[in-house]
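Each of the two complexes below includes chain A, the first together with chain B, the second together with chain C.
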Partner chain A sequence: MDAEKDNANPTIINPSDLPSRRRSAPTATKQPGLFDALVPAYPSLAEPSSSPEASDSDSDYEPREEIDEQEVYDLISTISDPEHPLSLGSLGVITLDDISVVAPTSARSRISTVTVLLTPTTSACSLTTVIGLGVKVRLLNCLPPRFRVDVRIKEGTSQTADEVNKQLGDKERVAAAMENRNLINVVNTMLVTCE
Partner chain B sequence: MPSIIPLATFTPSCNARAWLTSPHPHLPIVATACSDKTVRIYSLQNFQQQSTISGGHKRSIRSCAWKPNSLGESVLATGSFDASAGIWRRYEEGAGRGKINNETDFTSGLAGGDTEGKDDEDEDEWRFAVILDGHDSEIKSLAFSPMSPLLATCSRDKSVWIWEELDDDNFETVAVLQDHEGDVKCVAWHPDEQLLASASYDDNVRLWREDVDDWACCALLTGHGGTVWWVEFEGMEQVGKIRGGNATSEEQKRLVEERKNAGPRLMSCSDDHSIRLWRRLPKERADGPAQSKLPSIWKSRDFEEEWVEEARLPAVHERPVYAASWSRKTGRVASTGSDGKIVVYEERWKGADGSDDVSMADASSTGPDDTAQKQQASTAEISLTEWVVVAEVDNAHDVFEVNHVIWAPRADKGKGADDEEVLISTGDDGEVRVWRFEP
Partner chain C sequence: MSDIQIYLLEVDKNKPEAKLVAARSASRLESKELKLIDLITSLEEYINNKDDAALRGKSVAYLADVLETLPPKVLSGQERRLLSDFILGRLEGDSEGIGASARILTALEDRGRWDPETAQRVAKTFLDYASPLKDHKLQTDRFAVIQLFDRLIGKYRTPLQELHSGDPEFLAKFIYFFDGEKDPRNLMVVFSILQVPMTEWDISGNAQDLFDAVFNYFPITFKPPPDDPYGITSQDLKDRLRDCIAANSQFAPFAFPALLDKLDSTSMNTKRDVLHTIQTCVSSYELKTINIYAITLWDALKFEILNVQEEDLAEGALKALSMIAGRFAQQEGFLNAYTKPIMKECNQHLEDAPTKQSSASGRIMYALASAATPVADKITKGILPTLFTLYRSSESLTKRRGLLEVFNEIVRAYLDRFRLQPKLNLEELTTFGQDALGVMLRVLTNAPKAEVSLRLTALSGIAQLVALRGLLTEDQRFQAVDVVTDIVLHEHIQGHGDIRSEAIKTIAEMAHTAPDAIRNQAIPAFMVELPDSPADDSSYLPVLEAFAHLSSEQQVFDTVVLRLKNKYSVASAQAASKDYQQALLLAILYSFTHGSPMPDEEGVIRGTYFTDYVGPFLLTLLEQSQTGWDHRFTEIVGRLCNAILRPQGVHFQSQVYNKTLDKIAVARKDSDRMIRRAPFSLYYYAALRPDVIDAEDIVALLQSYAGIARGTSNNETPPVVLQHISLLVNKFIAGKAMQSTLESVGLEVGSLLSSPETSTNSIGVAFSVTKALLVQGKSPALTSKYLKLLLQLLSTPDGKTVAKHFATLLAPDEILTKENHCQVSGLYKQKTFSQLVPSLTAAVRTADPATKPNYLVALSGVLRWLPYSMLETSLVSLTPPLLQTLDLSSDQDAKASTLTIFESVLMHDPNTIAEHTASLVTRLLNCTTAPVNGARVRAKALQCLALVPKMLKREAVVPYRRQVVKKLMVCLDDGKREVRAEGVRCRSAWLGLDEVEEED
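Coming up: the complex of A and B.
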């Protein structure tokens, strides 16, 4: 296991080979600490400005800003595994091939969809839901609101995939989870390693 | 072409996600449940915020519901992610404007007698009356019975609770219903019977009634391929009414008669992107074959109900459908969801003359009316009617998801006909928008 992780570590470096994209991501979010913005987005802590401001600047961005799979990868591959001091990218939980960005389906629609398929480190990983939540929260906070974020477990990689997929797809559950202090702390810890 | 036209956005809007907006049973105001732990009361006359309710809940307020038939006082129930429900009261002065001013003085005098030094400021105050504790986790939805002093609440803890208000602010739990295998997302009462519907994360809808002394599940509606987010009964006034004229043929008359016997239908919206309509099979018919086969001894035969899927609304939504509203005035349905669309549908007689001007329905009405109707007579009677999309708006809340939509009486200066309605949508952007529907 350990050897595998060590070997996998270098993949972390890959995203940094794409500096132009890495730079554009933090610009889009503007907030100094992404994990700071995470908490107030749901409860009413001192952050009344976050969502409207973000949406304004995002719509200004829209014509220029094209977000591709690599950029999504850069946003989430640096998230830390809740168990190991390693990134999800280096553990192979997140791979570029399992990220897809789909443009609006019709001329009238402005909604794009980002789908991320996770590969848990073991098929019985009990932390799969939490990892999925971290990925989902990270993307909800970083991507412009015109993106719908679907985070799922890659088929055949987890015994509890259906259950986890359903939870992660349930906006009410995700919203409630992000008002749960314990879960916020876990997710914040995972996101500390994101710039 | 019928259309959905923006009329106003309530101001100020919430800075965080807004979940649901509930129109007052008789005053021109609405209450919006917000994730910032407040409820905002907005006026349908000038689209301004009139008051707020805050300080009662520790987490998001997910849902709110007005108590029907509360005279002289408005009573609002709030359901929160903090697992509790709150009951709030406010005297009605100041809520109704215009002619009602005379009465205002009268009630305000009375109110002043109760608590000392009651002045105008206090009249607008919401009083926290009682907190209903019992659920283990987030409350998702709640609803007052229109028939009796009952309040239903439901939660992620998979249960539905029924509370009876014995007298003011004294609530007693009369039932804890635990048949669902997942979060219960929504509860709704039948408009004319003590019958409760619940929708769940287990993809099913259940119906509940009181059997002798105990509340129990009397019907299980299966078929949805994902979480059921919303259930709602048809309005009593609309039962058996179909747009595009009265029943003329024998088949049509029979259908109307059957619907009146069965009572209001039920509508459900799901994560599977579909909206389905269910109808109750009349007892006489269900009795016949069932009775002879298995005489049920442990429960009264009359208790269980059989509901069947009657129709699906045209599949327009591309993502989960979070809510739909059945107009009490016109029978039209409006729906919304994750794709940010608001869609209005109506039910028509198939092959009715109105279909000429509806592009959506033309495929099925190419032949002469007579032929079309004869063909349908040979199939199930239900295909006598069809649901068509009459209007649709994209990006109703910019690029955000829309969590709720509902019909409400129009009350602003631009109001035309007495029974004119508006649509009210509530979105992830924290905004509550008002729309005109132009038939």
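Coming up: the complex of A and C.
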């Protein structure tokens, strides 16, 4: 069975070493303290609207939480690899460092750009295109339309990089690929593990 | 006509009638009206009819029916013998009516035990003249025969076994007889019949035949029909078959190869079945047999673990391996031969750790080692030297982590065994354990902080080593505690994952096995970090929180709270910031409410804590003018008092109460002081048992708080005063005296609300009194009167305020609880529901647009706190008003709670809401827009909307797909990250609709 896979035993990154918002959160954002739970959490008799959740609707006035690299990472790192029952994040195919979000370049433009560079587990991985397609589809579905999505293979990591990049960069080819029943099935199985 | 003639006429058209005919013959036999010999003679022409086989069969059936209904003792021994000779004799020439013949024999046996020879003759006759059974087409016929054999094997075991030992061919015939049975009901019995020779007879000559006779049915794929009257499940069959396969060690040469062959099956269920069967075989075959196949099994089973297909298959394989190890535990030779190749392979996998294979090796090691201590010791000797050599020779931190993970698995196995037998001999592990501790301590202190997984692995390893009492020296325990304490105290950078919270957990665990080290080492270190009077605001908080966690271990609880109290005294003497003083008090409170204080002999928290920890505060609170004591402060002391005093007995509480009564009473006239003291008073009175209290005290107290509540007209009544009123009314006033007492203290709701200056205050008071009554449930008439009055207010100018108050009625209340000795009716939620909800829904239908929102808000306030099961039956009438609630622009709470209800409806009863799909989808979409809706409402609405395509029928939701998917684009750009995440989930759910369509 192993022989069918291009890379039967890839290195797996431990979940606690994967980047997460919590891990990189600056100390300033205060987590709810241990003792906060000691005060009542239900509306008291005189202040019917004092339920603890009520206050958070005010938090809308806080500054907007922009879509950043970590958020993009969270969207795509849970995609499953088509041949291992593992996530692209834990296989190191997707890393936080290889994601960049670029805000609109001019004041008149609303278009931001997300660039994702993929690192295949081996340079000969034949499923690179499918993985790239999965990532692209996921991002197109999950990011607002003002984002331009650019998925590419990281330079020097795959023998077929140019070919794959050409396919992924071509709108029409992506659209055509998503008409293919078999491909859709593969991509959907990959995306099942996404939250 | 004779009975037999009537029977033969009826039997095909009317079974019950035929049975009656047979019963009539039976009673005639009983009353001697009919002689047995005449009965038999009357059969003659039918039972011997050469041309009509069916007729012969039916006449035997007649005889069976007669004999089955015949009471015992009617037939003499001789008659029974004659009958059985007759039946067996005719079977030799004619197997027609075989089922009925078996029934006759069974009926005869019921009426008198056979001698061994008869039993043997019965068995032989069937095997010689009616074999194989599968030739008889009727399942019921075969079933009767099988049951006869079940009887034989059950009651005449020795005679049957003698047949076997006397005749080498017998067992072969026996096996052939049952060959090819297909009916599940028959098979259940056949399996259990065959299990007897399998287990008890010498089967050396027929082992393979016997094995094949049952293994032919493996794997069982039978699916019971939906309305199977016999209730046989495929699991029943599987269980019996498995027991057969495992019944005799001589099956091993056939069973293991065949099972392992089936392990290559592509069906997960077959593999599951194989693994279970292997486990059963391993637990029942003889040791020397298992020894022969142990390696073969390992070679096959390992693939399930190294290359996990399904997690439960891996677990099944691990369990089988572990069971083999467990059986070999006392057989040094077998164990060596078994573990050697396993350890060799695992050692190889360790070389390229961390990989799937190396972590699988860890699991294998754990599975084996946890089987028995000798196995664990063997693994320790065989694996750990290599593991540590690899560790030392590698510079790669990820590799080191992979190796430590495997080490931890082995120690975990010891820990599991240690929990079962605390006297476990840890000799074998000691050196390695101590070495490993050194290694892991170095990792924690020296490894780069960003190596989170490595450090976490080391941390959990240390926790396990410390938990193995007796493994480490005292010095080493102290070292371990030191290093972990250091992480807790000095690693504040959250950028490094969760290590701090894990360290806190670890330190609390270590307190269990190393309380001395915690007391002498960790606690002083914590105290150094806690300032007497902190300069900046909150840097002490993480240390304090971690310190309070230690109170979860009873052995160090007293030390922890004592140190906190001392720290508080110092802080207050040095006039430290109010926040700091409060935080220290909160830490004490946390320890008492969430930690493990010492109990007294009766298991109640020790009363001395009250004297030590509440007494001093109580004095300051009651005697001083409480300058500097704000509301929060008083409340914390009150809660602390509540936590310790509440469970104490009447005697203890009376002492406390009588001592303080005077001091508390003094202040009654001084309303400022009353208000200031209220937060304490509330928790204090909540802790007291009703029989401790002086009734006059309560009336006086109620009077003064009622006065305060009604009197503070310009500024709002502090909520705590209302809670206090609610508590006193609920807990201390009895049913009959209720109305008069309420009137005398000025809390009667009717007059409260009818007074011309109905203020916000009196509305609050009215709700608090009503809540006390409805929770109590002892004055139903008064309660419903008050509820009606409150409902009426909804259409007045005060309606808006009143509507919001409705949410308080059923809101969970931490004061009115059974633990606080309050009167809590079991059914108050149901009662309130039936009194309020129908009137509210009716009012929504008729109300004018101006007051309608009031009713909607009140309704959702009531529904918010009810369990879903209570709403379920009224969903049809509730859905329209709930949908309207989603249109309210103002009230976020009402919307959020309504969305939660819709979420439950979609989850449990999607059909009831199907007819409203259009309006539900539109409204949910509207609820996702900012800024009209808060983030909480937007997120909840998206969660509900995501359920719609999953729970409702496809054709009902497909028409909305395009619209929803388009509108959700906006949510993908929501200002809140959390809402965007919900938006992504929701949109995926709706996009998913597409796929099903094309597959159809």
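One rule holds for everything that comes next: the second predicted complex is superposed on the first by the 130 of 195 C-alpha atoms of A that agree within 3 Å, B and C clash if a C-alpha of one lies under 4 Å from a C-alpha of the other, contacts with A are read in each partner's own complex, and residues count from 1 in each chain.
The rule is simple: a residue touches a chain if its C-beta (ideal position, glycine included) is under 8 Å from a C-beta of that chain, and two chains touch if they have at least 3 such contacts.
Keep in mind that what you see is a predicted model, and the values were worked out from it rather than measured.
Applying the stated contact rule after C-alpha superposition, one finds that A:R181 touches chain C and leaves chain B untouched.
In the superposed model, A:S100 lies in contact with neither chain B nor chain C. Applying the stated contact rule after C-alpha superposition, one finds that A:P145 touches each of chain B and chain C. Applying the stated contact rule after C-alpha superposition, one finds that A:S109 touches chain B and leaves chain C untouched. When the two complexes are overlaid on their common chain A, residue A:E71 makes contact with chain C while staying clear of chain B.
Of the two partners chain B and chain C, more residues of chain A are touched by C.
By the touch criterion defined above, A:T189 reaches neither chain B nor chain C. By the touch criterion defined above, A:S126 lies against neither chain B nor chain C after alignment on the C-alpha atoms of chain A.
Note: residues 42-44, 48-49, 51, 59, 144-146 of chain A belong to the chain B contact set and to the chain C contact set alike, using the contact criterion stated above. If you check the complex, the residues on chain C that touch chain A are 307-308, 352, 354-357, 398, 401, 451-453, 456, 492-498, 541, 545, 548-549, 583, 586-587, 589-590, 593, 639, 716-720, 722-723, 726, 764, 767-768, 771, 804-808, 811-814, 861, 892-893, 896, 930-931, 934-937, 969-970, 972-973, 975-977, 980-981, 984-985, 987-988, 991, 995, 998. For chain A in complex with chain C, the touching residues are 1-2, 9, 11-12, 14-17, 22-27, 33-35, 38, 40, 42-49, 51, 53-54, 56-60, 64-65, 67, 71, 74-75, 85, 141-146, 181, 184, 188, 191, 194-195.
Of all the residues in chain A, the ones that touch chain B in their complex are 41-44, 48-49, 51-52, 55, 59, 105, 108-111, 144-146, 148, 166, 169-173, 175-176, 179. Listing the residues of chain B that touch chain A in their complex gives 15-17, 35-38, 59-60, 62, 81, 137-138, 140, 156, 183, 185, 201, 227, 271, 318-319, 338-340, 394-395, 398-401, 428-430.
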